[in-house]
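Next up, some structures in structure tokens.
Shared between the two complexes below is chain A, which has chain B as its partner in the first and chain C in the second.
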Partner chain A sequence: MRIEDLTAMQLDALREVGSIGAGHAATALSQLVDHRIDLEVPQLELLPIGSVPDVFGGPETLVGAVYDRMLGDLGGGLLFVAPRDSSLALVDLMRNRPVGTAKSFGTEEEAMITHVASILAASYVASIARLADLNILPAKPSFALDMAGAILEVVTAEIGMRAENALLLRTRFFSEETTVDAYMFFLPDPDSLDVLLGRLGVV
Partner chain B sequence: MHSDTSYLDNVDRHVTVGVGELATATYPEILTTQALGSCIGIALWDPSRQAGGMAHVMLPSSEDTRMVGKMDRFATHAVPALIALLEAEGSSHRRLVAKIAGGAAMFKGDSMLAGIGSRNIDEVHRQLHLAGVLLRAEDTGGDHARTIELHLDTGILVVRSYQYGIRDI
Partner chain C sequence: MSSTVLVVDDAAFMRMMIRDILAKEGYVIHEAVNGRDAVDKYEEIHPDLVTLDITMPEMNGLDALRLIRDGDPQARVLMVSAMGQQKMIVEALEAGAMDFLVKPFQPTKVLETVKKCLQTTPH
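Moving on to the complex of A and B:
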């Protein structure tokens, strides 16, 4: 199916999938860092692939990111993205130290963020799997710290073969008390989108 | 050391090439494209005209050959299109000098994604060879993002990255 042809009902169903997935992920994150983490209503956007690099306020914004490929009934992946300072703040919360302690990314910080993101991804896909009665497992996560535009190419690389637009389902996680501001992108490949909508009964 | 090529001094002269797009320009303009990951920035320079062109390609070729619409994101399409554009402006492909950057594996842990960068590099090499354009320099591969600027008076391609700072090729 062409993503441009999705009906209003199908878009609503995907937004709902996003809320449920992100809701579970936010709960997991709150428990993990022992701080209240809130989430915004998931945003579902249809963007030309050329403008995807701008979603983080400029292609050169420095961000920490973790990509988890999905295995099983759905293909595609989940992408966790947080601006550099937010990534470091998450590391501090995990270590139970004041935010601002971690100053730069080393092997340990990288491992910590990868760990947090993969737990988020796992709880996100687990809730979708339950909802749609699908078998989905996240594969081994992979970390990068670099320009947002280059990171977001994972969103468009697989889609770009066949389409000029990308369907972006993203949720913002934030904490009132600290400077945590992170995003989770749910990126099923175009074939998997059909599978998911079929299972949800909105074909 | 890079006083004449520093980024902020000459922003007003920049012609920015977006993802999946291509453009040409003439000195004193500077062609630039940002945040190349697995994508490749192709810079073509014509010394005699102090002019050149740049493309930001995302993928080697289209999976679906019947696809219509904008095709400049594919190397198989963008390289010949950029050369044709420069020739229409008065360049000869024999005079053109190519420099390329990008083709990284941003998430090296994921083998499916890691392959895209190297396939892009191969296809760009092949397209330049087919067109008979000399590839003079490249900064490709690795696992970091790059931003490039082509200075049309000198043909210098400035490559910037968070990991390695500024490099001229």
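Moving on to the complex of A and C:
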């Protein structure tokens, strides 16, 4: 399936997939940090690969990112991205201490963010698996603190987004009580799009 | 007479899923595409039940729930959302929702819950 050929109903179904995945990830996050977490209406974007980093304010923005490959009936990946400050705020919330305590990324902070992101990824794919009646598991997550441009380049290359355009399903989580601002990207590889849409009955 | 249900979701795909499940059982379905549209359609149609998503553009489902119940304290509203956070479920029930279905759902669960809501007197 060429991304450019998706019908309006197929795009809508994919957006709903993202919405359900993100809703469950938000529930998991709210349980982890014991705060209410809100979601923006998920955005499904068809972007030229080169402009993907602009989503985060430009290719040079420093972000914390955790990438998980999907295994099983769907291939592709899940990418959790949070600006540096929000990543550190998440670490503080997880450790039940005032936001602003963590100042930099050490081994412990990396482990904590990777742990949070892997739980979000697991709830995200579990809900999609139930919706589409598929077996999907996240693989071992990996963490990087780097410029948004560098991270997205590595990820899009790895899942074989060789086309000129990338399909990004992005959701922003936020909490009014705190300063968590994070994004979850669902990036099925092109073959898996067919599988997913077929299972949802919108071929 | 068949019961009328107003299905509210910003995703056409999800409205189609719910409509297919309910229409097969003889329910008459109307649709709204966001919270604002739901409030307007409710006043126009006065359905027997509203199924209401939460995360939607223009107006979210929780705000729409409050406006619908302000206009008609007897309105029957069933929340259908992937946002299954305890605090959000409690907020919806306190605002007058009769029940809360977490997406993704089984068709039998939808039918069962809709039937239960229609048989219950709104409070």
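By our rule, the second predicted complex is superposed on the first by the 196 of 203 C-alpha atoms of A that agree within 3 Å, B and C clash if a C-alpha of one lies under 4 Å from a C-alpha of the other, contacts with A are read in each partner's own complex, and residues count from 1 in each chain.
Definition applied: contacts are C-beta pairs under 8 Å (C-beta built on N, C-alpha and C of every residue); 3 or more make two chains touch, one makes a residue touch a chain.
Please read these numbers as outputs of a predicted model, since none were measured by experiment.
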Note to self: Quick check on the chain A-based superposition: chain B and chain C, clash or fit?
What the structure shows: fit
Margin query: Contact-wise, after the overlay, does A:60 reach chain B, chain C, both or neither (first, second, both, neither)?
Written below: first
Next item on the list: State whether A:202 touches chain B only (first), chain C only (second), both chains, or neither.
Entry: second
Next item on the list: Using the touch definition from the top, say if A:97 reaches chain B (first), chain C (second), both or neither.
Entry: neither
Next item on the list: Have a look at where A:148 lands relative to chain B and chain C in the superposition and call it first, second, both or neither.
Entry: first
Check: Is A:22 contacted by the first partner chain B, the second partner chain C, both or neither?
Finding: second
Notebook entry, point to check: With chain A's C-alpha centre as vertex, what's the angle to chain B and chain C, nearest 10 degrees?
Noted result: 150
Item checked: First (chain B), second (chain C), both or neither touched by A:157 -> first
Margin query: For A:41 in the superposed arrangement: first (chain B), second (chain C), both or neither?
Written below: second
Note to self: If we overlay the two complexes on their shared chain A, which of chain B and chain C does A:30 touch? Say first, second, both or neither.
What the structure shows: second
Margin query: After overlaying the two complexes, what is the shortest C-alpha distance between chain B and chain C, in Å?
Written below: 30
Check: In the complex of these two chains, what residues of chain B are touching chain A?
Finding: 18-21, 34-39, 58-59, 62-64, 67, 69-70, 73, 104, 106-110, 112-113, 116, 143-147, 162-163
Note to self: For a test of understanding, state which residues of chain C touch chain A in their complex under the given definition.
What the structure shows: 10-14, 16, 55-57, 81-88, 103-104
Notebook entry, point to check: Which of the residues in chain A come into contact with chain C in the complex?
Noted result: 8-9, 12-13, 15-16, 19-24, 26-27, 30-31, 36-37, 39-42, 127, 130-131, 200, 202
Checklist line | Complex contact set, residues of chain A against chain B | finding: 49-53, 59-60, 62, 65, 67, 69, 77, 139-151, 153-154, 156-157, 160-162, 164
